[in-house]
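Going in written order, the chains are labelled A, B, C and D, and every chain counts its residues from 1.
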Amino acid sequence: MSLDYSSAEMMTVTAARALENGMTCFVGIGLPSEAANLARLTHAPDVVLIYESGTLQTRPQVLPLSIGDGELAESALTTVAVQEMFRYWLQGGHIDVGFLGTAQIDRYANLNTTLIGDYREPKVRLPGGGGAPEIATNAGEVFITLKHSRRAFVKDVDFVTTLGFGRDGKGRDGVPNIGKGPTRVITDLCVMKPDPETRELVVVSLHPGVSREDVSDATGWEIRFADELEHTPEPSARELEILRELKERTARAHSGQ
Amino acid sequence: MSLDYSSAEMMTVTAARALENGMTCFVGIGLPSEAANLARLTHAPDVVLIYESGTLQTRPQVLPLSIGDGELAESALTTVAVQEMFRYWLQGGHIDVGFLGTAQIDRYANLNTTLIGDYREPKVRLPGGGGAPEIATNAGEVFITLKHSRRAFVKDVDFVTTLGFGRDGKGRDGVPNIGKGPTRVITDLCVMKPDPETRELVVVSLHPGVSREDVSDATGWEIRFADELEHTPEPSARELEILRELKERTARAHSGQ
Amino acid sequence: MAEFLSLHDAVARFVEDGATVAMEGFTHLIPFAAGHEVIRQGKRDLTLIRMTPDLIYDQLIGAGCARKVIFSWGGNPGVGSLHRLRDAVEQGWPRQIEILEHSHAAMACAFEAGAAGLPLAVLRGYVGSELPSVNDQIRFIDCPFTGERLAAVPSVRPDVTIVHAQKADRAGNVLVEGIVGVQKEAVLAAAKSIVTVEEVVDDLTAEPDYHPNACIIPGWAIAAIAVAEKGALPSYAHGYYPRDNRFYKEWDAIARDRDAFTQWIDENVMNAGGNA
Amino acid sequence: MAEFLSLHDAVARFVEDGATVAMEGFTHLIPFAAGHEVIRQGKRDLTLIRMTPDLIYDQLIGAGCARKVIFSWGGNPGVGSLHRLRDAVEQGWPRQIEILEHSHAAMACAFEAGAAGLPLAVLRGYVGSELPSVNDQIRFIDCPFTGERLAAVPSVRPDVTIVHAQKADRAGNVLVEGIVGVQKEAVLAAAKSIVTVEEVVDDLTAEPDYHPNACIIPGWAIAAIAVAEKGALPSYAHGYYPRDNRFYKEWDAIARDRDAFTQWIDENVMNAGGNA
């Protein structure tokens, strides 16, 4: 029996499945937040969600629009100052996974959320680093989720806001007290992981109905595929139902105001 | 009409009078705490008392035995972490006066609360620095109160735990972001202030019934007297009454447990 | 000791042209009423510091108040760009502005260090990021104990901090509750601070929801308090009113267009009374 | 995730001979029950870290558990000396101990830095003090922005931290209230931590006195929780019982005399059951 679902839903469900129950996860807003909360509402009820607004172990009933919606504080175990969040909880080594989105990503999983073009004369000014630069280095590992496109997946990012593995893949080598970095990238087409040697992103799993060509066409460099390329399992009916309810509750809550 | 009072009461009342209403005062335990609370209960109802235990703007009804008695937290505006107390409130520049006691003090108002004798083979091991080293340098100014004796008032302290004006009187010269240091020393015999040039302590006021000889005999160096030597005003009946009530309430509270 | 002033008078007295101003509030308790008062009074050449510029700085920038912005994430949270910030950076409208950008961790530490009276903050940060190549205020030091290379940034020490909070009491003590952000740090780091509040109560320690470790800033650490009911809207005040997420989404269309923006400012800020 | 253990089992499992142990609590919430359990189990060669050693370390030192003490104020607050600490330092009884002493500001910053995962703390401290001449762990750095000379100390990173708190809930989250000291910092700075509590409730966030910014340490940041009713006596637990100031005064006479001390330990610690 095949279910009807969108590629966006496929992405969110796959990203959610990456989180294991009991993990502590520093959650970025948008797609990561959607995936992390889906995980919490399905297979990982005890995943610990932490937002940079200081909300520790939060369990929102609707997705926050911002990183600091009231819902996050009201459903948190406790809320601490933002400086404490970054110092004690992130830098202090209590985060298993940082879950990030991005505007641009390159073959070494470096992230650019700063700008397109030249720094002093930008073509497009993006929001900037926010929490990402230190989440990416101080969390145990990093998951990244974003929609697959040639605009987003570029050979070299215009600006390394946030370290993946550096412009040569060796950016973490020999650095003390640094996390493993990006261990998987989840898009609406596939799942990628860094090559254990070169750190270049390699497609390890294709989503249902997606071909190698689809991924290659949407990627700005000659993307490699793993020898044992897997097929991402479909979303379950329960996952889809819970995700759709979550998004509906969210839409209702955000339009009400 | 002359009142009956002890030299200890004279010292406490004089020390209390040094505090002005509205000042923020970082309070040491013991004599400074007694004087600061007397000030609050008499002429300075809005003096802000801060104890290193994190209790901000506290109004204890009985004197605390320790620096962190429950009474301090229960009567505080709020209680913060100890690291915050030292970082934000003291080092951050919010303290007008640090009010300290000491075991030893020398002619340049350096304080020793570390040990008598040699550091590696102490004759008497004292409690140590506690909050004093940074209170003395980060508060706007410092008041010191202690009983006058040759054991306490020595020419050179065995160990400079806490800076007065250094072993040569020049310890604050040219140091950026440092407070004025000890501006008065209040004992059971007299009040001393540092000479504006040399920083050596000079007696500026004698308590009632105290002679120059009394002070000289109780001081371990050739103490100087100001040209215009004043006479410390006597305690008032109200000050004595409030002080005695405070001490009685305190004795009752501490023996009850 | 905090003085109780009208918002007009507080801004007029403490915010000078050319000043370095931090208006803080991490998504929560953003001092919009005060920001609008700054726009109404036509303050100019401000250096604006804020971790998340948000709509409040988009409005100040678009209204021409800013000379420089120091920030770590300049977007409309969950919606997209700050179009006035972008227009200023990309096209120089209404004037060229300088930007200095950090990461959140560095700015949060810089506020903490400012509150702590230190000249610098030290963090394990910026590893592998190219931000240090465009921000000369990011440096590195070697730990004298371990030799580890750590990032250092100057502490934040604004001339004026403006924050919004739930309650003040008659003695000028202020309660901040919920997402406290770097509100307390911003106030303590500043030479002067203005706190706008939803309401004034008699005594915070006598309130039924008083907590011994609540985030309370004593009145003697604040320059001025001004009552500004709903002063955080479209942001929110925990326990008072929710975030107006719909307005945050609507702002996108208003701010995209210079004329629509100017009209909005005229109607909603310049010709609105404020709380004076 | 915090494991609920008996105090005996928690100490047996996590406190090893030779370990670096921080038992914190600034006058308030001092973990006496746990300290006594450490004495009962005859732990040896511990490096004991604590801002204010207090009676608890006086007892541990007198009982021969300590090899080294790192502290900033070693007295019986408001009473006088810690005679067992003095006897060990001055006479080497029951064994020679090493001491490393700081100021409170430095130690508080060192706990903060430990919690923040940093190797060092930076402070405006030790100016003109001779403590740096007897403690080689106090160094100085120059601020790369202002050139100011600032003190640096290594962060505190204990093998085990032991603190006492008011309540845990079934998920292992812990509430600390009142004088919070450096309790949270000490727990977060340690590789492992044991928290003893007065009681276990169902859910801290559902308690009637819950506050959104309460000092709560999540269960996943704690190794073990042990219930120890009155576990802080003669120190106190805000909301539960007051400080036994009389015992603090009586301790002076007990601790002055080696035999009186030994007898007291035998009667009140060695032959007392503990909470196991």
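Criterion: a contact is a pair of C-beta atoms (placed from the backbone, for glycine too) under 8 Å apart; a residue touches a chain by one contact, two chains touch by 3 or more.
Computed from a predicted structure; not experimentally measured.
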Inter-centroid spacing, subunit C versus subunit A (mean Cα positions, whole Å): 28
Distance between chain centroids, defined by C-alpha means - subunit A, subunit D (Å): 40
Approximate Å spacing (C-alpha centroids) for the pair subunit A, subunit B: 57
Residue list for subunit C, restricted to those that touch at least two other chains: 112, 117-118, 123-124, 148, 178, 180, 184-185, 212-215, 238
Overlap residues in subunit B, where contacts from two or more other chains coincide: 73-74, 79-80, 87, 91, 138, 177
Chain contact topology (line, ring, star, complete or other): other
Chain pairs in mutual contact under the definition given at the outset: A-C, A-D, B-C, B-D, C-D
Contact set on subunit A toward subunit C in their complex: 29-30, 52-55, 64-70, 72-74, 79-83, 85-87, 90-91, 110, 114, 119, 122-134, 137-138, 159-163, 166, 171-172, 175-178, 253-257
Of all residues in subunit C, those that touch subunit B in their complex: 1, 112, 115-118, 173, 184-185, 188, 204-205, 212-216, 218, 220-221
Contacting residues of subunit C [partner subunit D, same complex]: 117-120, 122-124, 137, 139, 141, 143-146, 148, 150, 152, 154, 177-178, 180, 209, 211-215, 238
Subunit B-facing residues of subunit D, complex: 26-28, 51-52, 71-75, 77-79, 81-82, 85-86, 89-90, 101-106, 108-109, 111-112, 123-131, 134, 148, 178-182, 184-185, 215, 236, 238, 242-246, 248-249
Residues on subunit B engaged by subunit C in the complex (per definition of touch): 22, 24, 48, 56-57, 73-74, 76-80, 87-88, 91-94, 138, 177
